[in-house]
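Letters are used for the chains, namely A, B, C, D, E and F, taken in the order the chains are written, and counting of residues starts over at 1 for each.
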């Protein structure tokens, strides 16, 4: 237990000090949001209709940007060797790393949502709904993205190849995240159905992600 | 305690690195793995550490903690130092101390033992090559593990550092530990030689 | 056999399936020939498998 | 006893090659015959009272759609072989299947689109079934990219295996998407609980075509696996060639057999 | 000259091998485009209106995903030391690296635009307009992004503030790129005005980028 | 040719590493920089290579090519190998050969000189630590530069490799070159000692 806590603390500390990751993520999120009014024109009704989609897209792409070095950094400095050898099950260690990444890079996005909601002309409920879906859904993005991050170690490859491998996996999360927010804003479907599917996806990825990542790391080190 | 490997074979990148290799080391004994560049010393250590899967052969550790695997009872000191430049020396050490768990020593004392106590609050990015190596050695001291797997441990150490590390290894052996070290230089301790053939 | 107003759709789909399947077959056969040729070439330069048998010989 | 013997026999690449060489001609012949019968039957099949002649697209759309999912399942089994037993033949099977599966998926997408235009009035609609098949196609492409991008085959195999198993979640989603969400695409009428609801006049040609395409897959897959094994032999021989040149006069390293096959 | 050519050749070679080849860039772009309808819903009219923005976002993301390691990779393996010491002026070497990056990561996207235009329901002119703006604008993304990549080497620690200042630099490029494509598609503004601004931005970045990056590298090594 | 530094001072991370340091080396002469870990050997070499700006003092190279600065006439061999794992051994070497420019040697001959010719087509990712070091040494040979700045050049080399490298250094000196090498081990050549004091 204390081993996992130490790992989480370390990863968050590094993320906050080195920054890069978390801040670039938030900034990218902001860029996407700022860009949209220019793309769709100054039609406020349309903007607020697209709002959730834009925020979700931003979150997805931001997580993609920051995730790819989750394991490669540890691999390059040799930490990963020691983590694999340690008494902590690798699945748990992977989950802890993903959790730390989510806290450092995912949470800030959610905190930033209300500000961006203003830019996109979302009202209070809508913003709240989007924030809630992001809170429920971004863990799924992190935990599926983690699989790609682990593959990056196995393959000695990064960049776009990984994005290509991981993005299809995150499409369902995106669909239900947007659907739930849309439902909360404009109906007619109830909010609960897509939201519970979203939560189910998150839970499933919470299980699958660490196992797949650990399997890939275990078989991929050399 | 006895570490043994029988008929080990290692294939990397589709090429056979070594095969039919036997080794054994008992409590209090050091095994110095020597051989030319590319002979497979590092590969052998990584196989023992569980980081490479041998293509053939078996590895056993008798007399250790039966519930733990060999890698879980071993320290691995490789070419890469497992240090995070953004963290301070003390933070780096205490992370590994907590993460590796088991029986631990006081972090400050371990830093003092390798002569880094004065640098405890520097970021690891500021360390010189030898200082990084010393910090890695402090990790070996801070958590008690019976088996030490060392890959060219004395590289980058100055003469005083090499003597100091030899003394630390002797202590470890005396307290019932076991060392397998790949090296091109004399380690400064009594060690049985395991010579690997091979190329380049 | 009359194909009705949508004949072009039906014919296109059948043609496409035929084309892609043929492409697959051609690719696999060509690949086979290429690998055989390379094996022969290497063997001609004197490298053999430990079993002493020709690598290109698959029977 | 007999079975395990056969299995280990098969798992030996050389044996595998010998076996394929023997059965491939027969498989190819059977495929050709069944395809001919199926095509004849579908040409003779009556028009549907709703769909008219476009129902003929079904005879190729549905087998391709089924195979797109079946091939991924085959790759998933091979992936288990790679991760659990680390068997090179499993790597070979997985790698050889990917392009073939991608081709079938592509055909399912295209024939579906071509069928959708007369039936639904649009080539493409972002509904759950079509979308999940498109994701399947993207994942096939991703896997092929992965195989191509990584030089060391056993390393690529392990990564691909993890990804294949993760992607296998998509298969039930494709299969059941029509039941879980109301979509344009029609629900299962052949492979469903409680028996097929399809008219015999359509069912028979469809089944024959489905078997013919499955045979086609098996034939192509075996042939592609054979190619892959040969490719690995070429690779390991080339490596030997390289090291032979350097180690001349060095006693310790005679020629070594390396690599998968 | 031959030194620069060697550098460009090397970087392209590595990008193609590690990133998995130019096709991966296209595949990535395809995936991002496929993602959009999921987010905004299957409304074809809306999709074609968003088309240019989507393609531009894809381009930005592709460049961001691959740019961040432009110099850090060379720094970590020590190549950067040798590049700085060499007889080739550092500004030129930086420009060569950026050019190589653009060829490996930017060009494939532009080549793929027509295919993606189909998926997004863009007509011929619109596709052509987007491709033209991408051709004119992606160099600006690469060359401003390069400044951030160089800062990432300098500021291993602490100074993430500066790195964060760079992403906003690319926002004008994005805005004028999208505006020019929109103008070509739906008017009412003329295409020429935003397009010439875009070209001006690209030209400016072509000059400023290498100098800023070289300055930052020269002072940042240690 | 004469390399000299006067009253050099180096500050890193806000801390003074050394100050008031003088050094000189002439054509055909090797300078071995020694001292405990953290004394500032690497820092000194990086100052000479132009990679660190000295806080004080001057560096001059007399008798070299007047149009070129010292770093442009020098080879730097650091702890990091400047190798790209994705490229083959031959590709790595020929890149540096073309990029560094000036008077070059045949790449194949340089690889043979360090005993890596058989591995020319392997990706650099497959090299062992000593093989990587050998490849870096091949870079020194492939492009002619009068000044060699070497940071622990023999680390990771096997015994044969060390002897081979000593011979290469002797050739370089004999052909009018100049070497400044930081080291903890004897280099195997005649060298003047520059002892740096300092800590840890």
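Note that in this section contacts are C-beta pairs under 8 Å (C-beta built on N, C-alpha and C of every residue); 3 or more make two chains touch, one makes a residue touch a chain.
Quick caveat, the model's predicted, so the values are computed rather than measured.
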Between the pairs D-E and A-F, the one where more C-beta pairs touch: D-E
Chain whose Cα centroid lies at the greatest distance from that of chain D: F
Distance-maximising chain from chain B - centres being C-alpha averages: C
Proportion of interface numbers common to chain B and chain F (over half same, under half different): same
Rotation, 0 to 180 degrees and nearest 5, that superposes chain A on copy chain E via CA atoms: 175
Centroid spacing, where centroids are CA-atom means, of chain A and chain B in whole angstrom: 37
Between chain A and chain E, centroid-to-centroid distance (C-alpha), Å: 23
Chain B and chain F, separation of their C-alpha mean positions in angstrom: 29
Whole-Å separation of chain centres (CA-atom averages), chain C against chain E: 39
Two or more partner chains touched - positions in chain E: 17-20, 24, 27, 31, 34, 38, 41, 76, 156-157
Residues of chain D whose C-beta touches two or more other chains: 131, 138, 141-142, 145-146, 149, 243, 246-247, 256
Multi-chain contact sites of chain C, meaning residues that touch two or more partners: none
Chain D-touching residues of chain C, taken from the complex the two chains share: 1-7, 9-10, 12-14, 16-17, 20-21, 23-25, 27-29, 31-32, 35-36, 38-39, 42-43, 45, 47-51, 55-56, 58-59
Chain D residues within the chain E interface of the complex: 125-127, 131, 134, 138, 141-142, 145-146, 148-149
Touch list for chain B against partner chain F, complex: 12-13, 15, 35-38, 41-42, 79, 115-116, 118-119, 122-123, 126-131, 133-134, 152, 155-162, 184-185, 199-200
Of all residues in chain E, those that touch chain D in their complex: 17, 19-21, 23-24, 27, 30-31, 34, 37-38, 41-42
For the chain A and chain D complex, residues of the former touching the latter: 147, 150-151, 154-157, 161, 164-165, 167-169, 171-172, 175, 208, 212, 215-216, 219-220, 222
